[in-house]
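The block underneath contains the structure these notes are about, expressed in structure tokens.
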């Protein structure tokens, strides 16, 4: 590959599912060298330790290191933060000061108004000047700002799927915003690699239920972007469900059309135009509805559209891999944009179907 | 048990999933003797044939017989029809004439207005006088009429879950009917025991998608009962999804409350009162949302209720086993009522969790 | 049912999967009244608490109580111990002394030689006189002794499936014992209701692996009974695997036939004769191999037999529901025998297929 | 990438699971251009047709074409045959004659003795001169011969996993060959994309069973290579099981050690040495047993080794992705070798865990 130098990148919080996806994708990234893995509880262990990810044996030769921000900044140009909410905001300011580009996968830098964050996450914040520089990392909406940013607040998995379904409708003023209902369904990997009884296979397999009804923390995140697109404050109904599968999110979005004369083909045309420059979004043909499996393993989002002439509603279905386009893949997509690289660099283009 | 005589019952269409559930439940029913199994394509085979249900070996000793309505009527007092749509309406009139009680699990006798049936099922009907005598077999709503009926049109699986969630709201006028949206999720056994590529484990496992959007045939069935409850014509949004699991349905129902002052506890009280005499319906306490696994293997329906004060909507979640309360169990519940027996006779009271 | 008195029964350790199965089955048992549920960590909670089993709401109205052996003995005639290994042996002696019949689902009373227990379970024992009275609760082998016992050591799930496959072969001297290899596969519910990372759906689903190779604690239990049947010390190869499903065990057993002239039909005949009086064991016809799903939800064991003329081996496959025939159901089967009731009383006869 | 020319490759039989994996992997292959997709039943459809693989929309722009061998040979340098057994042997001779390199994923060219093929596959063959030039495409054993071959008989999925586990033992004479037992477990994608009732999610999920006991067609294939390695005729016990998951094979192999003094560490050392130059095979450390999930999505094979000192047996567990290392990935690995490229080119190095 000649004399070209790879960009050194690190991950703080590498032992979770976000971390392991980042590791896998960055190992394959042609412009990046993964040089640092950080984590507190697993510090000192090899990443391939039997309690972590032994299947990486021979593929990666890094230890999880205790987190020393100074040292991380010294070694890495790009840092991914894959840590619990409330920790990233303690790490990012110093990393930025040292010149790193920072991509935060937690909720800490998703909100333009920190009082919303504090209200929903019960954490006070004292880094408002840093937060003010953060860009919401949904490239299909904010590509230009991401290109100029040093700090990205990467979207949550549900907001990614839901906003990609809603954005063209809101941006073009096609729906009555307050009628929007998002019924979202996620595989259990969204719950992370933590031992919880309700996430055991014996409990979660062959079962299905809603959770966090009317109070899930992704609600204000979705509303913030919807309000931005609509140009006024928008309130959204959002209900997540746990599905007996590992990966994938489907958001089924309902809303009343302003113009009851719009037909399905009109909307498909509008969506295709809206995402014309977004190679990761595929709009399905009429009558085709996306399966989450199509997206799994790739950074793609598949969107299907239906209009119910009887009720005057549009129904949009949006499918992603919650750990790729909903998390690690999208972070890398943002990094590509920040670095001026091709947006698709190092990202899987086709799902691992079946 | 002495000299008491069991009621002879038969099943036409015993080789599908509805059939096999009926066989299992009727074998355990203390007042019924299963004497007849009918079916065309498998006629001549033992029910325990290796291509059918070998696990019944030693438990049932019946052959699938070719369907001779005359003979069926002669041998059975109660007949369950578990056949494709459009066949039951050819069998029921003669069975009724011969004095049998008939429980039809297909769609043929669910509609009070046959033109609705014809519009959605593309089949002409010439048995309107028979159809006029059929009662919709949802005991929680129509217990008294079922008790006097000779012909029951057993509800579809989605309508059962959805109507149990919606009925108290519509009956009491608590919601604006046209805002009602039903986002329903079902295990793949709802698709029947037919070889279809999209139902293969390799395709359907670890995936999730909507189907029949804005045109599923359970829509008019739900609307018919909703209209009956509301006292005027009601149009409902209904979207079914295929979930990677064998059994279970969850209906998540959204609607605008007429009175924004109603709180969750009010609705829980109203639902508990509505289902006071319905032992198969359990209303969850506040903050508890049902899992389909709770219901699986039993005839129960679990209902959870939430109110979103921000949006003024009620969200009702309703979980059943699609093959029991959604099909075979409910048919037996109806039979129990028709026969004057305890409504819970022979039906499984607790799911086989986990 | 008149003036007849139900036998009061209790469960110590009711919050695990063994416990919840016992509760469900005992609620349906016509001769038993469930009067007591004990447990330390959940003491004071209702059994239907949201952290336990809310789907029992309205079906059972018992609290988990702290364990007071004296009080348990006072209130119960029959006590099921569903507690971790090493605890039952502290409870059973006093319960027996007070006259209770005791069925222990742990490993504590499975071994006739306590030094084997100590060697494999790393626990010293000082209740050898009690242990000497315990009978191994596999009714198909030890029905007569169970009938006269006051203390039952209920078999492990793997030993149940494996011994039902091996017993006819060993008892009749048909195989060379030291060639026996048991490759066993279990659903993850066998791991209990404990939060462990490797049992999360996200980890265990769509995966498969062996564990405890050459050192699983069910090995000496299987060997003890095999030795008893063979009439001399027998050493067995036993390898358990974790399968991505909730319930079910399949044991695939390989052994060299002593007489290479034996054909499949001979062995089927021998197995059928061996289990002639065991209604819970079904021998499959030639060429039919059992699926675990056939057994799930029932107390049945399905056994398939094949002979490989090329290699001179017999292959026996045995399928059970690990939580019913492999645990709670078998304990109730033993109780039925101890009480002089029909062995099948209160037990589910057909699986909940599909 | 300059003026370099990609090698044109085609797939006959592109609509099955082998085909779709080949398409995905070849699209990412840096030296190949996928120029042709052939198939009879789907001829004329776009590969992204809704009945085929709509998730490839925008990623591949090829139609399935009716098979015209002459035209295929004209357009492709490399041809993958992913067709039913008995068809490849009708296509390969002409393709070879025209100078194509041919990789056959069916069983047609796996046997050095065609009478074995005819005995197990019930098909007469008249292409023995062609068959005599075919090399068995297991690179870890036959890398050098593959490099010089024009026709590869790619191994079956079970033989791949099983032979990688057995080869070091047989080659070094460490085991008594006739004691070898392979208990293999596969996800249902191995059954292909064909509508079969027993492969429905509703049937195959949450269930488990053996099939083809003592008569599976992969038996002679395994025996052929084992005999080659052992230097004399070897007979193997092989039993496949269907596991409720989409992808992955685990082969659990049992055999008696010749030298009972060998310990686990000795064998680990021997295996590591044997596979020293095989980057796709990873030998697990002592006490670590592979999970199929580790391999899924990658071309890796993970091997775990245990020795049971009590019984004198070695137990080897081998995990692969049945569709990658067990099928499409291995074919591409062979192509890389045939073309003189790096063996790992274009192949996924890390599984898509979780």
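For reference, chains read A, B, C and D in written order, and residue numbers begin at 1 within each chain.
Following the convention adopted for this analysis, contacts are C-beta pairs under 8 Å (C-beta built on N, C-alpha and C of every residue); 3 or more make two chains touch, one makes a residue touch a chain.
This one's a predicted model, so the numbers in the text were calculated from it and none came from an experiment.
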Chain of greatest Cα-centre distance to chain C: A
Pair with more cross-chain C-beta pairs in contact, given B-D and A-D: A-D
Rounded Å distance between chain A and chain B, as computed from the means of their C-alpha atoms: 39
Separation of chain B from chain D, taking each centre as the mean of its C-alpha atoms, in whole Å: 46
Distance between the centres, which are taken as Cα means, of chain D and chain A, whole angstrom: 35
Contacts with two or more other chains, residues of chain B listed in rising order: 17, 187, 189, 193, 202-203, 205-206, 244-247, 291, 293, 296, 354
Of all residues in chain A, those that touch chain D in their complex: 17, 20, 24, 27-28, 50, 53-59, 189, 193, 205-206, 246-247, 279, 282, 284-285, 288, 291, 293-297, 300, 302, 349-354
Of all residues in chain D, those that touch chain B in their complex: 17, 187-189, 191, 193-197, 199-206, 244-246
Chain B partner contacts - residues on chain A that touch it in the complex: 178, 181, 183, 185, 187, 202-203, 205-211, 213-214, 235-237, 239, 241, 243-248, 250, 252, 254, 289-293, 296, 304, 306-311, 313, 315, 317, 319, 354
